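Note that subunit A is present in both complexes that follow, paired respectively with subunit B and with subunit C.
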Partner chain A sequence: MIGARSIAEPTIKDTIVHRTDPRAKILILISTAFVAVTLDNPETMLLLFLTILSGFALARMPAIKLKTLAFLLILLIWGTIYSQALFYSQLPRTVIFTIIQPDFPVLGWLTNGGLFVYEEGLHHGAIQGLRSASILSLGLLICWTTDSRDMLNGLVGLRVPYSVAFMLVTAVRFLPIIITEVATVITVQRLRGFNPKRFGSGIIKTSLNILTPTLSNCVRRTGTLAVSIQSRAFRANPSRTYLKKLKFSELDKVMVTACIFAAISIVIIKLLYNMYTSGIYYTSGLRPVYAIARGYL
Partner chain B sequence: MKNIVFFFLVLVLAIQPAAAQVKEEFEPEDMTTFMIQVPHGVEGSGLAVGGSNLSAYVFFESYYYGNMNVTMELDLPESFILQDTPVHSFSLQTEYEDWYRFVDFYVPVDLPPGIYNITATAVVEVEGNEHTIVRRTRLKVASKEEIADEIEVSGLIIPSDEDGYGDPSHPSNSLVIRETSPALKKLLKVTDLRIDREELTSTFIGVELTNKGDSTVPVIITYEILDIKTREPVKAFKPAIMGMNADTLCYATLTLTPGSSSLVSIPLYISEGAMRGEYLLRVKVKLTGSDWAAVTKDQKITAISRKWGPIIITLVSSLLGLTAVSFFFSRSKEIMDKFKTRNLVLIALFGTVSFAAINLPMTILWELSHALFGPFSFLFTGLFYEILLYMLIASLVVLIPKPGVVSLFMMVRFLLGGFITGSFTPITFITLSLSAVLLEVMMYAAGITGKNPDPENRFMMGVVCGIADMTSGYASFSVWMVLYRLFYSDWYIMANILIDGFLYTFIGAWFGISLGNRLKKVAE
Partner chain C sequence: MIEIKDLWYTYPGRTEPTLKGINLKVKKGEFVLLTGPTGCGKSTLLKTLNGIIPHESGGIFSGSIRINGTETIDSNHMELSRGVGLVFQNPDDQIFSTTVEDEVAFGPENLCFEREEIDKKVEEALQMVGMSGHRLSSTNSLSGGQKQRICIANMLAMMPEILAMDEPVSQMDPGGTQEVLNTVRELNRKLKITVLLVEHRLHELAPFADRIVIMDGGKIIFDQPASKAFDYLEVFHRLGLRVPEPVELCHALGIRASPLSAREALLVLNRKNSKENMITPRILPNPEENIGADTSALAGPAGNNDSVNNDSVNNDSIISIRDLWSGYDKNLMVLKCINLEIHKEERIAVMGTNGSGKSTLLLNLAAMLKPYKGSVKVLGEDTRSKNPYSFAGRVGFVFQNPDLMLFCDSAEEEARFGPVQLKFENIEERARTSLEAMSILNLKQDLPQSLSRGQRLRTAVASVLSIDPEIILLDEPTTGQDRVNIEQMMDYFKNNRSTLVFCTHDIEIAMLYATRILVMNEGRIIADGKGREVIKNIEILRKASLTQPPVVEIANYLGVDAFSVTELVEMLACRGSEVINSDVINSEVINSEGIKCEVIRC
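So, the complex of A and B:
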């Protein structure tokens, strides 16, 4: 069974992926997100996805993480396939299954003429699912190969205000405690006869019964924690020193430069191509650029 | 003296026309134009196929100043079936008066291929004298295979201009089926509309035809846009125009001389109901008078849909999110200094609870419910994403009714999600930042946060959160459609933003006030 622990906790090893500077990882993730939403060519999208997956092999991820990844990817891609099979709205489209008949009372009218599963939508969903799959995979790879403290240092290194980074540290540190508390409260509620899975007003009632004690503990903890932090001179000085200094290696610099350059180039090429197809801007000198966008991106 | 001059002037004027009439003698070839075209429009030898209904065009014009009676007889080969009388008589009274007729005839299907002579004879009677003028032409009746070899569609240009020429600034083999709003059209000049009706878009198809044979060929060019899979015509591309079937407008006629190439354009009308996708453009070339398509050319075309609404919403949402983040980064010290340390800790812990109670279970449940329940999964996921989330937000605002509290909470959620589940996605960034901005602005405007805050007004809190979530929900769908190229039906979006966006959020915010009041007692 895939638990919260297998999703949340990083696996620390000494591989090239683990050694990469957290700032470099964040910048690579942002660049990849731009590339993923820009691409339209299925082959290039698949290539990007496979390239990201190869990172898991480089990072020598344990089997449980790979199973978690596979499980999440299957759900994600299937969810996209399913939704697109239903909502696909371009031609040609072939109905392979009818969920709601157009003349079905109320629902037929509500769905504006029935609900069908389209064959071409399945294909479209599979291709478009690669986009989300690429971003999710890279996000998980980074999370699973980076210690949360290093990640926070990376964020501060990227000029995220210290107070925000501090809030994040607090949130990350208290996450296991709060997960345990939520689980304990649910167990107690069950023992008292509540059913947390009951649909409708039951779930609201259960939520209130779970949230009230959990959040009450948080409120109580807040006072103690605030005093403790302030006594350690939190926000007393405008600048801070850090025990661990982050340093970009040469490889990090090359990777970050290559990724940012590739992302900017791809975004600009696609932007120019979309301006051309929309009739907004065209110049004959950019024909090779249009050809690259049409053929490969 | 004056009388003598006047007398001579009258004499000259009276005598001159009579003298001219006497002088002019009738020259049939010089004083008439007699012409025959078979079929109509073809000068020289025509071409036909068996089974054609054709018209021979006979034209007679007089340049003679006087009466003439003409008897015109058209002599067709016996095997042709004449559908009109072959003999016509008429009178022409003055110079430049003319006469013409279309004489219909039928070329039988089983007529052997060959060259057939057609003769038109005009007997002109002028002042009792008869003159005969003869015109001859030839009609080549060819087999279907022969004609199909002679005519070729050498180019299909779509979209094209009114003359059929392609425009390199538009992608070839593509159609733009949905344009932007009229105001934006004017602003960006992105349209190629050529008609005034807003529900119809039009462009042109350029068709280049080559006649490789030695006969002049009159042709009619038509087209159909077919479903690429079923090969059925798509009605959205042949809408009724001014009450008429589009077929009555969407054709072109052309007379191809031997060894020539010509380019014609055919208008193409697209109705609003047209969907984007791949289609098959089928151009048919028929010989005039025949329903048989001599040449058929298919070309795959792509219909491009420009949904400017979602594009603009995505752009505005992204800009709003980036502006909000830039504003926060530029004034982070002032903003953060407004919060006590215990406020920051509380916001962080609420962020953790929301992550533990919503994000973490929903990482799997969201996908699982989508996979299982399909379009109706929002009824289930909304319980977590809307009710639970807004319970937390409303209770947090009750505890810390300050501007900026929701933004910090959202920021913690976003960063935590990115750190733990890798969800540093553009969608998450845009939707969360938009949601934060809307909630902040609306809560401040409604007096929930600010100098004299009133966070315990359940109805106000519910309405504010509901409207903010509906707006951010709608923007979120636009972002999914634009950045992830996904499709969503209008009914689905509507149901989602009404049930999830408003109803669930309202319920969550309503109960969030109760939760906040309970927590307040704990804090006190």
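So, the complex of A and C:
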């Protein structure tokens, strides 16, 4: 139960990743998200993913967080690859393994002509999996290396309204506590002989049994927190001052500029390439650009 | 400073008003202790002071509250917030920043102070509460007492004129409680900050207050200076409020005085004229008849059942712990080398500072945590190979926060839930008996979440009792409870000869109900024995941030071997003539607080 808290809370250290301005981190995350969505090339995608993973080494993340990351990534990548391999619907597609034959009694009919693993599905799943994994990894790296107050200031610095940023950061702050409480609720109920159901109709009762005490406790806590922050003049004035001033270092500027430039370039190149492949626009002067897009993006 | 006139307030959706015609005046710099039974409206009254009621809450509000001459109903809630700082029971529900500095700076930042000024205010506030060395610490690394001091610093950084505190020390160990209360008292004296403090632990807090105000049923029924309040002892007894032991002692001895500490009591006893004041001690009630609300009788909580606690204990060992090392991280063991045998029908109080490993020990007993090293055998089964669910129905666990245990639509359903799941017979009977035992049978149709905290805790206990487990584990069952509730619950366990392991910071309750006390410090058991044996060892108690109950301190100085008010009174009664005939030996001794005082030795 305590593990849930140490996983979710940031680990504060003095590394280059930790020192990066939260605004820079948020901008890098947004740029990376654009790049990840735009890319189709599995090798480039893998390179992006590995680059992001190297951030965890730079940030000297503790083992418990690395284990959590590994678990989430395996679950995400394997789940995506497997589901895409089975349910890939585009053509052409190459069957590399048959799970259910089309003429298999009942199941063949139920699966609408059998169940197969497609080569193109695996390929597509790998790209999708790496895409999601890259964004997830970078998001976690930012959350695990940024103090919640710095994150709040970073969001405000990026023109997010203070109240919205405060609510967002506070919700994240209390998430691990809620996870701990859910675990407690389940254990308490099982000690009273209840067997939580994960499947079937019993899942509704199980969910209600868990949600009722967890939510009511959240409501109580929220009430206390609300009164507490109101007592500290929250939103008493249209603006506020800050004790800490965020410092956008030269290195931050370089990193953000590079990321934004790279993201814009990749998006534009892919856009031009897609216009060419769909017959909307072509010019011979852009042939090197098309080659880059085809070969690396 | 504060002037409340004919204040009535009804929460939205309720028909019965929570506050009924409150009239109260508090002068600048006063320290007022506001107490009363659970659900009497104390917390509601605090919320009216900074305008949360009615500005944020809605509901029906009438009457007048003036803070420094300004009517709260006509003022902006934000402006009121600056003048009245609110501190609540659980610091974890109030702290949201990860560092102390950020947390304390939040208020001044909202008030748009310049950066240099915020910096200065943060430093000053932290200095006031003795936490300036923790400015850059993570809020998660602080103890409960330190966190609560940060909550106070949060308010002080905004320099409020009034500090309103709602049970700020109810979850703290005695050491932390003293730290926080000394801090508040000092602020009150030095900076003339007006303090309104809501608390059940009257017997511990009374020495800090200038004035004691008691509420009951939404009304103020008592308002006296702290020095005179206990002259009206019947009011406290009638409402089931705990009275400081020295007061109980003096009243039992017929001495017309209300000392609030052992030192004061010794001074009273030492007065020459105490002989003239002393009358025949009144006959104390039979401890076995002294159950529930009637325990408000003269003897007080610590006075009735040492003999019962010495009941012969069944020798069947039902919990056996050998060289237990356990924790949440293998690099940071919470429990270290624990060896323990628990026998059937024992009632064991586990005491110690916050973070000493009490709750972790209970989690191991319920098989919810596994040993990293060593073994835990519960009912003959090694917990390492079992999950907690295999003990369902045999081990009952009540958490400190009852809210996590309540999920049914009525208190009765809560009590029925366990027996139904475990397919027991006599379900109705079990539910009725457990609800009755916890005195909530009349609330059986009520939604558990809508009950008061004390009632919710008793509902959670009833939900476990209906299963009739062989071992009952209670984590801090006395937190936020008034005396009547605590005694009703503990009397049930005592009368039913339950095997009970409970964590508590309340040494008087431990002495009264436990057949054995374990004292823990930094994950180790540093004392294990009958209450009388443990409580004699001042060094052990000090290590665990515990102190002897005042009556034991007094008995020590009087050279009497007594552990409760009853025993001390009986011994003094037996030796009454000797006391009167003996020469009063004026000797200077230094008590545990290092205060010199004169005592009578008989």
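Keep in mind that, in the parts below, the second predicted complex is superposed on the first by the 244 of 297 C-alpha atoms of A that agree within 3 Å, B and C clash if a C-alpha of one lies under 4 Å from a C-alpha of the other, contacts with A are read in each partner's own complex, and residues count from 1 in each chain.
Just so it is clear, a residue touches a chain if its C-beta (ideal position, glycine included) is under 8 Å from a C-beta of that chain, and two chains touch if they have at least 3 such contacts.
Just so we're clear, the structure is a prediction, and the values are computed from it rather than from any experiment.
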Inset, instruction - Applying the touch criterion given at the start, work out whether A:I178 contacts subunit B, subunit C, both or neither, answering first, second, both or neither. - result: first
Legend entry - Touching partner for A:L29 - first (subunit B), second (subunit C), both, neither: first
Inset, instruction - Check whether subunit B or subunit C contacts more residues of subunit A in the superposed model. - result: B
Inset, instruction - Kindly classify A:Y276 by the partners it touches after superposition: subunit B alone (first), subunit C alone (second), both, or neither? - result: first
Inset, instruction - Would you sort A:N237 into first (subunit B), second (subunit C), both or neither based on which partner it touches? - result: second
Inset, instruction - With the two complexes superposed on chain A, say which partner A:Q90 touches: subunit B (first), subunit C (second), both, or neither. - result: first
Inset, instruction - Would you sort A:L76 into first (subunit B), second (subunit C), both or neither based on which partner it touches? - result: first
Inset, instruction - In the overlay, answer first, second, both or neither for which of subunit B and subunit C A:Q189 touches. - result: second
Inset, instruction - Check the residue A:L208 against both partner chains and state whether it touches subunit B (first), subunit C (second), both, or neither. - result: both
Inset, instruction - Considering only touches as defined above, state whether A:G285 meets subunit B (first), subunit C (second), both or neither. - result: neither
Legend entry - Common ground on subunit A, meaning residues reached by subunit C in one complex and by subunit B in the other: 2, 148, 170, 174, 208, 210, 212, 214, 216, 220-221, 225-226, 229-230, 234-235
Inset, instruction - Please give the residue numbers of subunit B that touch subunit A in the complex, ascending. - result: 168-171, 174, 176, 188, 190-192, 227-230, 234, 275-279, 303-306, 329, 332-333, 336-337, 340-342, 344-353, 355-357, 360, 363-364, 367-368, 370-371, 374-375, 380, 383, 387-388, 391-392, 395, 399, 408, 411-412, 415-416, 418-426, 483-492, 495, 507, 511, 514-515, 518-519, 522-523
Legend entry - Residues on subunit A engaged by subunit B in the complex (per definition of touch): 2, 4, 7-8, 26, 29-30, 33-34, 37, 40, 71-72, 75-76, 78-80, 82-84, 86-94, 99, 110-112, 115, 121, 124, 128, 131-132, 135-143, 148, 151, 155, 159, 161, 163-164, 166-168, 170-172, 174-175, 178-179, 182, 199, 203-204, 207-208, 210-212, 214-216, 218-223, 225-226, 229-230, 234-235, 238, 276-280, 282, 284, 294
Legend entry - Residue ranges of subunit A in contact with subunit C within the complex: 1-3, 5-6, 9-10, 12, 64, 147-149, 170, 173-174, 177, 181, 184-185, 187-195, 208-210, 212-214, 216-217, 220-221, 224-237, 239-245
Legend entry - Touching residues on subunit C, where the partner in the complex is subunit A: 47, 50, 52, 56, 77-79, 81-82, 84-86, 88, 90, 92-94, 96-99, 101-102, 105-115, 118-119, 122, 138, 140, 151, 154-155, 158, 328-329, 366, 368, 388-389, 391-393, 395-397, 399, 401, 403-407, 417-418, 421-422, 449, 463-464, 467
